[in-house]
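Chain IDs A, B, C and D follow the sequence of writing; residue 1 opens each chain.
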Amino acid sequence: VSERYVRQAEEGRRQTEALVRVLLSQRCLPARPWPPRALEFAVAELAAMDSNNFPLNAGVGERESRIFCPLVAQRHYYMGHGIGRSGDLVAEQPKAAGSSAIYALTNALAADALRESGIRGLGACAVVPLATGMSIALVLLALRASRPAATHVVWTRVDQKSALKAIATCALVPVVVANALVGDEVRTDLAGVEAAVQRVGPEKVLCVLSTTSAFAPRAPDDVVGIGGLCQRLGVPHVVNNAFGVQSSKTTHVLSEAIRTGRVDAIVQSTDKNFMVPVGGAVIASPSREFVDAVSRSYPGRASMSPVLDLFMTLLSMGRDQYKHLLAERKELFAYFTGRMQALAEAHGERLLATPHNNISFGMTLSTFVGSGASKCSPAFVGSMLFSRGCSGTRVFTPGDERKKVCGVEFASYGAHADGYPLPYLTAACAIGVTRGDIDTFVERLDKVLHEAKPAREQAQTQQR
Amino acid sequence: VSERYVRQAEEGRRQTEALVRVLLSQRCLPARPWPPRALEFAVAELAAMDSNNFPLNAGVGERESRIFCPLVAQRHYYMGHGIGRSGDLVAEQPKAAGSSAIYALTNALAADALRESGIRGLGACAVVPLATGMSIALVLLALRASRPAATHVVWTRVDQKSALKAIATCALVPVVVANALVGDEVRTDLAGVEAAVQRVGPEKVLCVLSTTSAFAPRAPDDVVGIGGLCQRLGVPHVVNNAFGVQSSKTTHVLSEAIRTGRVDAIVQSTDKNFMVPVGGAVIASPSREFVDAVSRSYPGRASMSPVLDLFMTLLSMGRDQYKHLLAERKELFAYFTGRMQALAEAHGERLLATPHNNISFGMTLSTFVGSGASKCSPAFVGSMLFSRGCSGTRVFTPGDERKKVCGVEFASYGAHADGYPLPYLTAACAIGVTRGDIDTFVERLDKVLHEAKPAREQAQTQQR
Amino acid sequence: VSERYVRQAEEGRRQTEALVRVLLSQRCLPARPWPPRALEFAVAELAAMDSNNFPLNAGVGERESRIFCPLVAQRHYYMGHGIGRSGDLVAEQPKAAGSSAIYALTNALAADALRESGIRGLGACAVVPLATGMSIALVLLALRASRPAATHVVWTRVDQKSALKAIATCALVPVVVANALVGDEVRTDLAGVEAAVQRVGPEKVLCVLSTTSAFAPRAPDDVVGIGGLCQRLGVPHVVNNAFGVQSSKTTHVLSEAIRTGRVDAIVQSTDKNFMVPVGGAVIASPSREFVDAVSRSYPGRASMSPVLDLFMTLLSMGRDQYKHLLAERKELFAYFTGRMQALAEAHGERLLATPHNNISFGMTLSTFVGSGASKCSPAFVGSMLFSRGCSGTRVFTPGDERKKVCGVEFASYGAHADGYPLPYLTAACAIGVTRGDIDTFVERLDKVLHEAKPAREQAQTQQR
Amino acid sequence: VSERYVRQAEEGRRQTEALVRVLLSQRCLPARPWPPRALEFAVAELAAMDSNNFPLNAGVGERESRIFCPLVAQRHYYMGHGIGRSGDLVAEQPKAAGSSAIYALTNALAADALRESGIRGLGACAVVPLATGMSIALVLLALRASRPAATHVVWTRVDQKSALKAIATCALVPVVVANALVGDEVRTDLAGVEAAVQRVGPEKVLCVLSTTSAFAPRAPDDVVGIGGLCQRLGVPHVVNNAFGVQSSKTTHVLSEAIRTGRVDAIVQSTDKNFMVPVGGAVIASPSREFVDAVSRSYPGRASMSPVLDLFMTLLSMGRDQYKHLLAERKELFAYFTGRMQALAEAHGERLLATPHNNISFGMTLSTFVGSGASKCSPAFVGSMLFSRGCSGTRVFTPGDERKKVCGVEFASYGAHADGYPLPYLTAACAIGVTRGDIDTFVERLDKVLHEAKPAREQAQTQQR
């Protein structure tokens, strides 16, 4: 092999290695996407630093990351030691320097991604291999260590089970604060939150748990107001920001809440915000100490899989493309609601006025009620959509039934407020949705509404 | 294409599909390993049943399993919805019938594997995407829901942090029961356990947490005795069986404990017993209701990754090969301890007499103490082994230092008993270890002991 | 599992299977790209029809497609029987119905892709696992079977070795026809071709081998003219269309040549036209019989790997995206030559006027000649570009050296014509190039020319 | 990250890189298998040296290895430039130093594997991405360049089409030498070979093409005798050793033929001898010059896929395991023929006495002839086996039909000799077969013979 070609080839290989070196030194999102090859190369280089991958290693412990199935070994790039050590998630593992480095880098990349999304004032964040609900539980348990006497969580009602379940799982007492109905929109009742805290007694309140991402007609909580209130009353404030990172309005108000009030932790899903499989969350806080306390409270080791997913995704995405995806989602939200507006009008319905929610929105299904016939009820519209390949919509129908979740009874469950008066269907414009998805959905919904009409009319006629 | 060939080919494809059908109907370990191709085929068939993989699907929810990075999508076989729904891990997901089926099958396969390992009397088990420590926490939280007044956990001392941390994380009070020293071996002090329960008051004891797998010189706990005691006193009994599934002695005593006394839950690691990457555990119980309660207590969704690992591993292993691995481990334990016995004698040391522990064992390092020189201390021997590519050993040196874990102070931390008198080094003969690993380790240890000798002698000479 | 979800999931799986069924029945490019999952699913379904993948098969032949290395098995999706049987490439293999189906489908997809590229009048095509040079050899050998007395190939000069080598490898005598120089452009000398055929005697001419894709300043051959001439003289006409499929001008003239004259075979590379790894070619002909004769002339079996690459690529591309890539290349050609025009002017050079070549173009390096110094020669400019990460350029310098290829001597080798007067550098705008590639190249070339200038001027000064 | 862990991790990575360095310096089979991870790591390191994988490369050529489909890119580990350059297969590619290195290493590994199999006296070998038939054609074409006047190939009859087809494809005239029938076995008629050469005239004979691997009752050719004859007459000798590398008897006689006579080239299949997918062959020769001439005669580039398969397979196999596979095949041959002997006797049949063939063997089906009924003919037995999942057997029935292949007419086609008197079924004991395969086959054959018996007896009764 001629000298000159070898030099060129070595130079080429160095370019690939340089990507890794730059990442290790700058610890932030690369401006441009890493190609798949560079990504696989980087992961292979790091995996080679885990002891189970040393060709000369002889392991005589009880856990030596021997992976039986070659397909399983491959899908984890031959890493098996997980993350965490002696009950500290971020503790570096002697046997797994490569895995430890990937975890440290992922935490840094996630922090950078949150920054790029617009959240200001964060001190640190930890990616945990737990979805949002369990991550909130982990935060509550960590808070409890520092406030052993506090047994209640003041929680503004959101009709999604995970958060309430997280409170119950931790053997804490939920104090549900009802929301205010302003026009079509369901909003934080700030006075109600304060009243709840005072009723329980601030010292017995583990935290106020607010929510910034929810289905319409629920608006994101007034986290600035709640943050101020928590600061004033000396009560911790945890924000369930499940899929709120993708909304610049939400990241803006979170920054404001941090700047002007109290925010102890913000929990967000990795799958919903960064397009990875379900299984991870980012726990962020203005306080590095708090994040460290959460990491330290984790008992034992944990799966590295959701961490690796986020690591690979953020590198294969890069900063520019991430910002492009955010911008695109915003544009598509306008497009989607525009098309829905037109569709609603054509069918004698309208969009719910929920100006604070810019991810999820609702369309009334008022003309479908009152018929009494199951073949043309709002719920049937939802069911028709599902069987026609439209996933993700939810249908609410007003009624008298009450639903019990973790021992708490709710009226009008699904609408986030007692006695919500209108039937509606929600849809969301989430990161990664395409114009094609939207168009297909709108067409199918149009068809479904047309198909449901005769049955509806017939039913209504019969009723008369 | 001629008729006859097509018929033959269809028949061949049917043979592959039949593997899946048999699995779905029998829900137990296949006798023989599935070849990689069949495994990939089966996973692909199931993944095609998740809505994000429907070619005609239009998703307008906030979570549509859009996976950004193709490499990430691939490593999860294009499944992204995770497991769990509305806070019930085993609830079937409407959008993810394939993922749900894999989870249900994995639970069945894990139950079968536990049965094959020798544990009798189980009612059900759940694979959870949490390692042992966090799984114990989950079990404690689930117990708490049914015993809200109970705040203490009686725990027989084991010098490994996860379990203690799990207790603390749940804001429960650990009541540590000291062990008895019988010859070299550290054993359960059954009377001590009973005294502890009585001291706290049975109704305030959430459970007794016993341990069946630990490093020598700790013996597995007397779970039959503890089980009897718990039944008598009406206190739940949770067993931390982290890596005990691989020992037929342990699975036998667990069966006895279930048959004759009270066992509420047995928690075992998937990585240590089934050779998958860290990140999962199997929570088993004689009571299906209890397993269901644990599943229902999980707040929200969770990663499917550790579940998929176990699913693929158990199918690629098959029953016969699993039993072969268990038998081989047993044989190698005899081989390993035999070689170590010889080595110990050659160096003026001996193996610790720990007849109840048949996974981990210890060799004294008595000739290395008292020199005062760091270059020839027991700890230095451990460090030399690590830097010579031997992972998994632990070294204990007697001394006066005390260690605090989760607020509890321990003397002689590492030896599981206050004032353990001997310095020693432990090694384990765990599933998947090879004769080659053992031979390499023994040779390197021999070399290390020889190398350390001159420094030791010199130091000892100087001391005189 | 509830009935309704199962139905939905089955429906989803059917949607995926339907993709395969539609492909099998329509045998043409799908309009829209297949997602990776569907692609893997389809390949897995077909692979399951090869006998080595039947779970119950017992093979006692000498070739049973036992693949030793799991990574190799995987990268071939567990197919190993190759293509071809008893010396007929398209013969279906009894043991490998799935592989046979993939090959048949790929031939159909390739035919469709050629149609979409604009070539009209084709009767059939065969994808062969041979690159262009060896494919031309195969065509020549197949022709020879029907014209055993013909020993000469009349070939219009192109300064690229493969075709000439193919002629020599087949033990045929090349008759090289010199090109005409028209302005900067090197064009077919049609009269020269006719003279050559007549000189040898048409019955001794196996075929005229023309070329439609070459580096500037060579124009594509006048295949319409040659086709007419071949028809008149009763001589076969083979076209080396190596990377010409991507140019609509070229596909148009090929269609005209087929319509109005004689074309026996057109050979094109799969890697250069369809972005797969090197190793395949498409042999197309207006006559299905001729394609069948080529397939039948292939001795024995052959690798399926290049076939599988093309199969997967065409499905993952789809018709619309293929057409988009073609359109984009055309636009970028204008952009690229525009930027080069400006650059050339800024450096006192110009683009060669080669209006018939719309893939490759040349820029003069006239100001770099005559210095005699190696540090500023045209060749040095090429070398600087290579070591600055620009691949794919070629540099020609006029001179007296003669080069011998397969026994034939050429003057001005590289420029396709004796005594080509100008030094130049070529670049190509090939399918898949990006605006970013072009911009980077132009910037680096600019820098290189600037850097080379002082050395050049100094050298020129010294010469005076 | 602590210093000590980093040092350990770096050391571990170096151990992996050392594997590659040792391979590059020693260029022979590693004693022990490389684990999958090390293999993927090595390929990734080498792929990083191809220019299309340089992160900063800007390609403006017509072939820049842009791979459209990510799944295709992955399965080639991101290498796409193929092998060969300017019509020399082993020429190093400036743009693809990594691919070039893999090709050079594979040629070295293949040479080492042939050595380990027992072939002595080889000067060099080249792995070509062509199966055996086309590789023989390539050898013939390369020979022709040095013997332009030679037009005939003297070929000892073997009833398999590829070799004859290779001769015809090259427009050469086959001179078929009939074999001698010695007992059951079909052997080389050495005198016949000499007579044929003399009849044509040695100067017109391009080569004698002998065969060392064939289905019973054909014995491997007497290559020592033919080699001596070729040396005496000054005629090249090419050996078709398709699947003979796995037989130590055959590699021994090949060594003898090289030592005592003339052998110009030996061609062997990669799939049949080394368990890779179909598509490659190893062309070996005592003369390095001849191998170089073959490589240089290849027109243009070629697929690297079969090369990469062999590279990965030989490293994942290692020397010891390769020798183990060879030894195991030998043992299983004795086992297989032993079981067949017993089966044959039980059914009133016997094994053909073919002492020189130790891969393939035949069992008579004498009791199945003469019935005239199709339901119990020898051919029907073969067909029943195929439809019961037994692949690889061949059935011969004596008869008067003649078969034409490439213009040559053969009587008793399949038995390698005119008028072969017995009906029989062949099976082979090839590398990679398992005891399980053999047992299953013997059981199914037993069942088939039993099932066929009544029909046979009935038919025979009717005939009387």
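Miscellaneous remarks
Note that a contact is a pair of C-beta atoms (placed from the backbone, for glycine too) under 8 Å apart; a residue touches a chain by one contact, two chains touch by 3 or more.
Fair warning: this is a prediction, and the values are worked out from it, not measured in the lab.
Residues touching across the chain C-chain D interface largely coincide between the two copies, over half of the numbers being common to both. Distance from chain C peaks, on a Cα-centroid basis, for B. Chain geometry summary: the mean Cα position of chain C and that of chain D are 30 Å apart.
If each chain is reduced to the centroid of its CA atoms, chain B and chain D end up 48 Å from each other.
Centre-to-centre spacing of chain B and chain C amounts to 57 Å, using the average Cα coordinate of each chain. Within chain C, residues 8, 36, 40, 51, 54, 56-57, 70, 94, 386 each touch two or more of the remaining chains. Within the complex formed with chain D, the chain C residues making contact are 36, 39-40, 51, 54, 56-72, 75-76, 79-82, 84, 86-87, 94-95, 129-134, 136-137, 141-142, 144-145, 148, 161-163, 165-166, 168-171, 213, 215, 242-243, 269, 271-272, 274-280, 297-306, 309, 312-313, 316-317, 336, 359-360, 386, 389-393, 427-433, 436-438, 440-441, 444.
In the complex of the two chains, the chain D residues touching chain B come out as 8, 70, 386-387.
Within the complex formed with chain C, the chain B residues making contact are 1-2, 5-6, 8-13, 15-16, 18-19, 35-38, 40-41, 44-45, 47-51, 53-57, 70, 73-74, 78, 92, 94, 97-98, 100-101, 104.
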